[in-house]
Each structure stands twice: as C-alpha cells, then as structure tokens.
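Paired with chain B in one complex and with chain C in the other, chain A is shared by the two complexes that follow.
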Partner chain A sequence: MATHLEITESLKVFQDNYNSNQRLKIMNRDWNRVVVIKATDIESLNTFIVQDGLVSIKEGALENPDLTVISDSETLADMFYGDITPTEPYNNGTLRIIGQEDDIIRLDFISLMIWGE
Partner chain B sequence: MKKVVSVSLGSSKRDHKVQVELLGERFEISRVGTDGDFNRALEVLRELDGKVDAIGLGGIDVYLFVRQKRYAIHDGLKLMEAVKVTPVVDGSGLKNTLEREVVRILAENTGLLKKGMKVLMVSSLDRFGMAEALYDMGCDMTYGDLIFTMGMPYPVKTVAELEDIANRTLPELVKMPFQMLYPTGKKQESQDEAKVQKFAGYYYEAEVIAGDFHLIRRFMPAGMSGQTILTNTTTRDDIEFLREKGAGTLVTTTPEFEGRSFGTNVIEAAMVAILGKTLERIDAEDYLELLRNLNFQPRILRLT
Partner chain C sequence: MQLKKVLTLRTVVATSAGLTLATSTFVAAVQVAGYVLGDTAWIAILTGGILCFLAAACFSELNGLLPTANGIRLYFSRAFNDQVSLTVSILYMTIVIVGVVGAESYVLSRVLGEVFPAVPPYMWVVLLLLLVTLMNIRGLKIAGVFQDVITYGLLASLMVISLLALHKGNFQLNAPFAPGGASGLINAVALGVFLFVGFEWVTPLAEEVTKVKQISKGMMIALGLLSVTYAVFTVAMTVAVPKDVLVASAAPHMVFARTLLGGPGAAWMVAISLAASVTTFNAGMLSVSRFMYASAREHVLPAVFSRVSMRFFTPWVSIVALFFVSLTVAGVILLTHRYLVLLKLAAAMESIVYVLAGLAVINLRRRMPDSPRPYKIKGGLVIPVLTVVVFAPLALAVLYTDLWALIDLAAAFLVCLIYVNTAVPYLKKKYEARKPAGRRRPSRTTGEGGMEEN
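Let's turn to the complex of A and B:
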C-alpha cells in the first residue's frame, strides 16, 4: 500500500516529466482536461489539470472532471512513477478510468510517450 | 476448387462470395463478417479450421510492421490462435510488399503520385510499407494516426518521427482492446461527425488520401475537390460514397472481382493456398514473384 504523500509525489514526477517534454506540450496544446485521481484503499484524492499544453497538480478533487482515474494506491503510485504502464491494470480491471474513449487512449498515450522505450 | 474464407470483425453487410481463376486454378473466395462480435469470429474460425484451404482475418490487424520490428495486436493473436490446422493470415505480410509496389507503379507509370504531392495517410502504422514508400519518393506526408485515433491535432510529417512514436507506444497499445483503436462492426457504417468537422482541413489540403478505407470513410468531409483516394477494400456503395463527397480518382491496391476489391487478407490467403508452403517458409520475394505471375496491377477508377 502506498501513502497519499507517495501518490502526490509520483504525480509531481509525472508532471515534471510531462512539462519538460516539448513535443507533448505541442501535442496537447488544445486538450484542456481535468483528471481526478482517486485511490480505492486509502483516503487520497488529487487533480491533474492539463491546460494549454501544461500539466499542474492540485490536492483534492475538482468538480465535474473530464476523466476519473481509480485504482489502489500502489498501482497509482507505480503508474505515475513509471514503474508500470497503465495498460495491464486497465485490462485486468485493477485500474478504472471513467471518461470518453479518446481521452482514455490519450492519457495512456501520454504515459507511454513519457515512459515508453 | 480451393476455398478461401475471410473472417472479418467488420459488418456482415459487406459479405459476398465469388469464384475466380488464379494461375489456372479455380478459387471460391468468400467473406463472413461478424459485426464486431469477437466471440462469433472465434466460433466461425473454429468451424472453418481444417475445412478450407486458407483463412484471412479481416477487420483487424494482427501484425504491425515498423521497419524490422513486428508488433502483434493481442486481440488479433487470440483470433489467429483459434485456428490450429488451416493457414491463417491477416494480410500484413502481403500489404508490406504489395503496397510498396503499388506506390512504385503509380509513380513510374501514372501522374497520380508525384514528388512533392501532399498526401494524407489517415492511418499509417497499419501499412508502414506504403507510409515509407510515399515518404521515400518525396511526397509531402501527413501521417494522421494521432489525429484520427485520439483526436490529437498533431500531424506527423516524417517516417523517423512515426517510427519513434510507434516504438514508444505500440509495445503497450497492442495490448488494448482492439475496438478502442479501430472502428469495428456498426461503427464502420457511420461517420464520426465531430472529427469530420474538426479535422476536415487535413482532407481538403491533401491531393492524395491514403490508407485503410474504413478510416478514410469515417472521417471524410463533404466538398472534396477531386482528390485521389489510395486504398484497398471498396464496394460499389463505397465508390458512390466517394463520388458524393467529391473525390476524383480511386486507386485500389488489390484486384477487383465482381465489382469490388478484396482486402489484402483475402489476397494473401489465396496466395498462401497457391504457394502451398507453410507460413514460416513464405517471404516477401514469394509474394512479389506471385504478384508478377498474376500480373496484379492497381485498379484506377475515375470518379468524375
């Protein structure tokens, strides 16, 4: 089990990697989305905001998110630290993402562009 | 008579059966669409196994080739592995060979492809051979995989970037449910209106639109201005659709039988039946030689 702090730290690592990737910033320049990250086994809510190509993080959950990412704390921290990809937990049901299909693929794509080969 | 069946995840509305003669041998070629029903496709494949000479898998890619690398789509592999006896192919082996050859023929023998021409490939990772051949002959390429798959307005302009993105993402994306990556079943009969409107400019700017017909169709806006469409599988209805939208010329990479061109999976399956070799022993040169013997040429149809 990971702690809320670990999840928040992992999101900051993800944010730093994203924001230092010029190509991702161009790719997502018109993809303004609010993504809530929710753990199922501990009290942990974070919001990941993509606005004008840049990512910022807020603690807690904003209302009416475009996407909600739900999983156990360990999976969330592992995923945002880049230790695992979202595909396997998504396919086996450990990770649930509520939102439009295009947005779900885009989120997976962003993660792979940061951590992929 | 040899029997070749294409089992497709696509719409059953496109089902058909024809008899043709290839190199002196009679073939019955048929298609069975399962309307996106994956389990039905598994059933049909198991029923056909051992009863026909070769099977093509349609409406789904199994292998994606990116230069020397080959990525296997997991859902496609599940279908392929359901067949134990009969050779089963997805068309990717032939596609990689045939479509390079078609680009060469069009560039050398027609005015339809010229250096500097603006070409939109609606999707390119499912036909890297064509993507690379068009780039190598000097076309001004827009690879639209990210635009049309996930709505990302990011035109990839070079094969090098396409390859980089593919190598970063495909090892994982091939594990996703196939219907998230490609329209199957009923989705193939409709257009994605939001993307048609949002990304019409990419179609209008291009002189040639190339790639998978289901994707070309799904995103094509009205008011085209005589563009050339370079694709493979079309029916009479598809040709009418292209006329209505204002496309100028249709080039299909596979031959026409009874008013429609067949998918590369069907042609590859027929070739496998002709060659009579195990799949492991068939290489690109076998396909090229057979294409020459069959005198396969791209079909060019003026639409205006």
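Let's turn to the complex of A and C:
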C-alpha cells in the first residue's frame, strides 16, 4: 500500500515531466481540465489541473471535476511514476476513470508521451 | 463529486437505439417475415425484443458491477479468464466490423444505386467510408443532441410511413396471429435478434453518466421503442408489398416506400437509409478503432495501432487500417452478393455474446459476491440462466440454417484462438524486453529494520 505522500510525489514527478515537454504544452493549450485523483484503500485526494497547457497539482478534491481517476494507492503511485501504463489496470478493472471518453484517451496519450509505451 | 459534463437519459436511449438502427436491419426484418406465415412477423420481432430484455438485464448487472468503457473485455476477463475474454472480444469486434460494414454497405449501395443508377455501387461505399473515416480522424462525434435528433427522427419517420401504409390497407392484416410451424418461428426469432444488434454497445457510456442505472434504463427503453417500431414497420411492409417481392430484394424498404408513395417515398427512404448507415458506420468505426487502440496499448495488437494524431488526439492508424479493411470487405460482398450470410453471422455472434453475458453474471455472483451492484437482477439466477438457455439454441438455429455462417464463424474463432495463443505472447514478450530494467518509483524502507518494500 502506498502512502498519500507517495501518490503526491508521483504526481509531482508526472507534473515535472509534463511541464518540461514543450510538445505536450502546445498540444494541450486549449484543453483545460480538472482531474481528481482518488485512492480507494487510503485517505488520499489530489487534484491535477491542466490550464493553458500547464499542469499544476493541489491537495484535496476540487468541485465539479472533468475527470475522476480512482484506483488503489499502489496503482496510482506506479502509474504516475510511469512504472505501469494506465491501460493495464484500466483493462483489468483496477483503475476507474469517470469522464468523457475523449478526455480519457487524451489522458492516456499524455502518459504515453511522457513515459513511452 | 459531480462531473461537469453528463449524459441525459434521453441521449442514452438515443445512443442505444441509434447504434442498432441500420439499413441492413430492414433486410433482416423482411427475412424474419419470410420465415413466418401471413403478417405475423410482429410476433417474431416482439419475441426477439422481449428475449433481448433478458440479455439487457444481464448487461445491466455487469455494467453496474464493473462500470467501464471496456465492456465485455472486462466482464469476461473477470468472469472467466483473460484468454477467453481476449478471444471473444477480438472475434466479436472482427465479426461486427465485417458484418456491419459488409451487409450495410451492400444494402446501402443498392438503395443509392436505385436512385442514381449511373454511379457504380462501390463508389457510394468508398465515399461513405471516406466521410466516416475523416469524421473519426478529426474526432467529430455523432453525439448528444445531434444523436437525439437523428435517432428520434428515424424512429418517428419509420412509424409515420408504417401508419400510412397500414391506413392505405385499411388496417387489414393477413392472418396476423397464425405464424405457422415452430421451426419457422424459431428461425424468425433467431434472425430477429439481429434487429437489436448493438443495443448493449451503450454500456461504455457508463463513465459519462452520474448514475449507472441510467444505462440500464436507457437500454430497456431503447429495446422497447425498437421492438414496437420494427414490428409495426415490418408488418406495414408485408401489408403493402407481396412478401416474395420483398424477400427477393436487397433493398426491400425502397420497394415498399416506392410502392406506397412513389418518387417522394423513395427519396424519403434514401434519407432514412443514409442517416441510419452513417450513424452505424460511424459507431462501428469509433468502437472498433478505440478497441484496437486499447489492445495495442496493452500489447495485444502491434504498437503501431496505438499511434494517436497529434492534432486531433484520435487513434489515426487504427482508423485508417479499419478504412482499408472496410473497403476490402465491402468489395468482396459487392462481388459475391453474400450479404445475407453476414446478417446470420452477426445474429449468431450476438447470441453467443448474450449467452456468455448470462454465464458471466452467474460466475461473478460467485466470484465477487460482496461487490456493490447498483443494478441486481431480481429472482436469483432465473434470468441469467434463461438468457443462456434461450440464446444458445437461437445461435445454433441460425448456424444450422446457414452452413456458410457456421464455417465462417468456426474459421474466425480458430484464427482468433491461434492469434491469442501465439501472437499475443510474442508481442507481450517483445514489450517486456523493451521495458526499462529499473523502476522509476523510489524504493521505500519500512520499519526500523529498513527492509525494502519494493
């Protein structure tokens, strides 16, 4: 079981990698979204905000998110560190994403651009 | 937490019914009528619809238990195992794309060929597929209000034209309650299932609604609307035009519309056919290309299929590949004229998937007894067992009457099985070899002993 701190750290690593990727910043300049990250096995809520192509992270959950990513703490930490692809837990039902299909694919594509296959 | 954008029940119904409404369903409806005596096709169609309610109940429970865009891929993986799930999913997607594109393009090209005889039929298929491919690459979706307008407009059009035909025939039906022998009725019901192919494809919207129960409700309402519309429309066709004339035509709804209203009727039916075909092609390409993308991401298909357009964020390689597959399938069917085999193949495959859905509900009740089920089928295992008991013979009935459908299905199953057992392990091994050796996540030490957890 990962801790809330580990999930937050993984999100920071993801954020740093995203913000240092010029292509991603340009591609997502019009894709403003609020993504809530929620762990199922520990108390952990984070919000991942994409605004004008840049990513920022806030502790806790913002109201009315566009997407909600729900999984166990281990999967969340591994996923945002890029040790596993989101597809694997998504396909076996460990990872749930609530939101529009296009946004879900975009999120997966961002992960692909950052961490590769 | 409330999502910003959510789908309404109206749109869920429209999506479920819209995925099902296709030009080839009119041909299937006439084939259903051909199996029974007099104007009794309504009995087979309503029975088919009622039986589909059983499958819809199973999908509702599975969707509530595992709300995912992955649909049967996840349900069957949890209920049986990954190999079964993968084999069935690939087989299902292949048959859907071959069946839908093949049958739909054939019927539509006949419809348009009647109005514009100078244009070669294949040209229409190329144009339509190009349109749908471009829509998919650009990420333009027929969704929301647009989907509502198309679906409800189509349903209303079909009802209006049917009532006009019935009115013209003074609502006089030929032996409406005497369908004839049991074998004819069973075959009619089995093929009648094809009329509802795709109603459950609305389950991937589970992630876009606030209450998962809306999906179940939407599926049930869509099935009710479709059952009534198809039943009335088919009876209206057989009242207005002799059954043997309809059965012999590849575009019976055009014959019906022309007989009833002449040129304007034909134009009206062309508009209905185009709307139905575009939505069907689009839904098929959208679903199958997303399935290919997800499969490539989990290293089940070659990685090239996971390439996404930098501009439109759509899986363009999968979409383009589907375009060429569709062109080939459509070309083969236009040359061989074997479109009816595809209807039967799709009907049989759909019945098999319903059987597996029933078995999945039974298995998951045992494997995940305590997991929350927002929708749980009442009456214990009666409905899942009934689903299995009803749809297994229906699948067999379809395959028994068409040897080619049986051969095609068996061959496709064998190819999928070999692929899953040889190519998939190879692709996964190739991916493992490319993966970075170390983990990026820092190792964590726990307790005073400093033992590493990772």
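The criterion applied here is as follows: the second predicted complex is superposed on the first by the 116 of 117 C-alpha atoms of A that agree within 3 Å, B and C clash if a C-alpha of one lies under 4 Å from a C-alpha of the other, contacts with A are read in each partner's own complex, and residues count from 1 in each chain.
Just so we're on the same page, a contact is a pair of C-beta atoms (placed from the backbone, for glycine too) under 8 Å apart; a residue touches a chain by one contact, two chains touch by 3 or more.
Only a predicted model underlies this, so the values are computations on that prediction, with no experimental measurement involved.
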Query = Clash or fit: how do chain B and chain C relate after the overlay on chain A?
reply = clash
Request  = On the superposed three-chain arrangement, identify whether chain B or chain C touches more chain A residues.
outcome  = C
Request  = Name the contact category of A:Glu63: first (chain B only), second (chain C only), both, or neither.
outcome  = second
Query = Taking the superposition as given, does A:Asp108 touch the first partner, chain B, the second, chain C, both, or neither?
reply = both
Contacts of A:Asp30 with chain B and chain C, given as first, second, both or neither = first
Key: Contacts of A:Glu88 with chain B and chain C, given as first, second, both or neither   = both
Query = Does the superposition put A:Ile97 against chain B (first), chain C (second), both, or neither?
reply = second
Query = Taking the two structures together, which residues of chain A meet both chain B and chain C?
reply = 27, 85, 87-88, 90-91, 101-102, 104-106, 108-109, 112, 117
Inquiry  = Using the touch definition from the top, list the residues of chain C that touch chain A in their complex.
reply    = 1-5, 66-70, 73-74, 77-78, 139, 141, 204, 207-208, 290, 293-294, 297-299, 303, 306, 308, 310, 313-315, 431, 434, 439-441, 444
Ask   = Which chain B residues qualify as touching chain A in the complex?
value = 146, 149-154, 165, 167-169, 171-173, 175-177, 180-181
Request  = Within their complex, state which residues of chain A touch chain B.
outcome  = 26-28, 30-31, 85, 87-88, 90-91, 101-102, 104-106, 108-109, 112-113, 116-117
Ask   = Residues of chain A touching chain C in their complex?
value = 6, 10, 13, 23, 27, 34, 36, 61, 63-66, 68, 77-78, 81-83, 85, 87-88, 90-93, 96-102, 104-106, 108-109, 112, 117
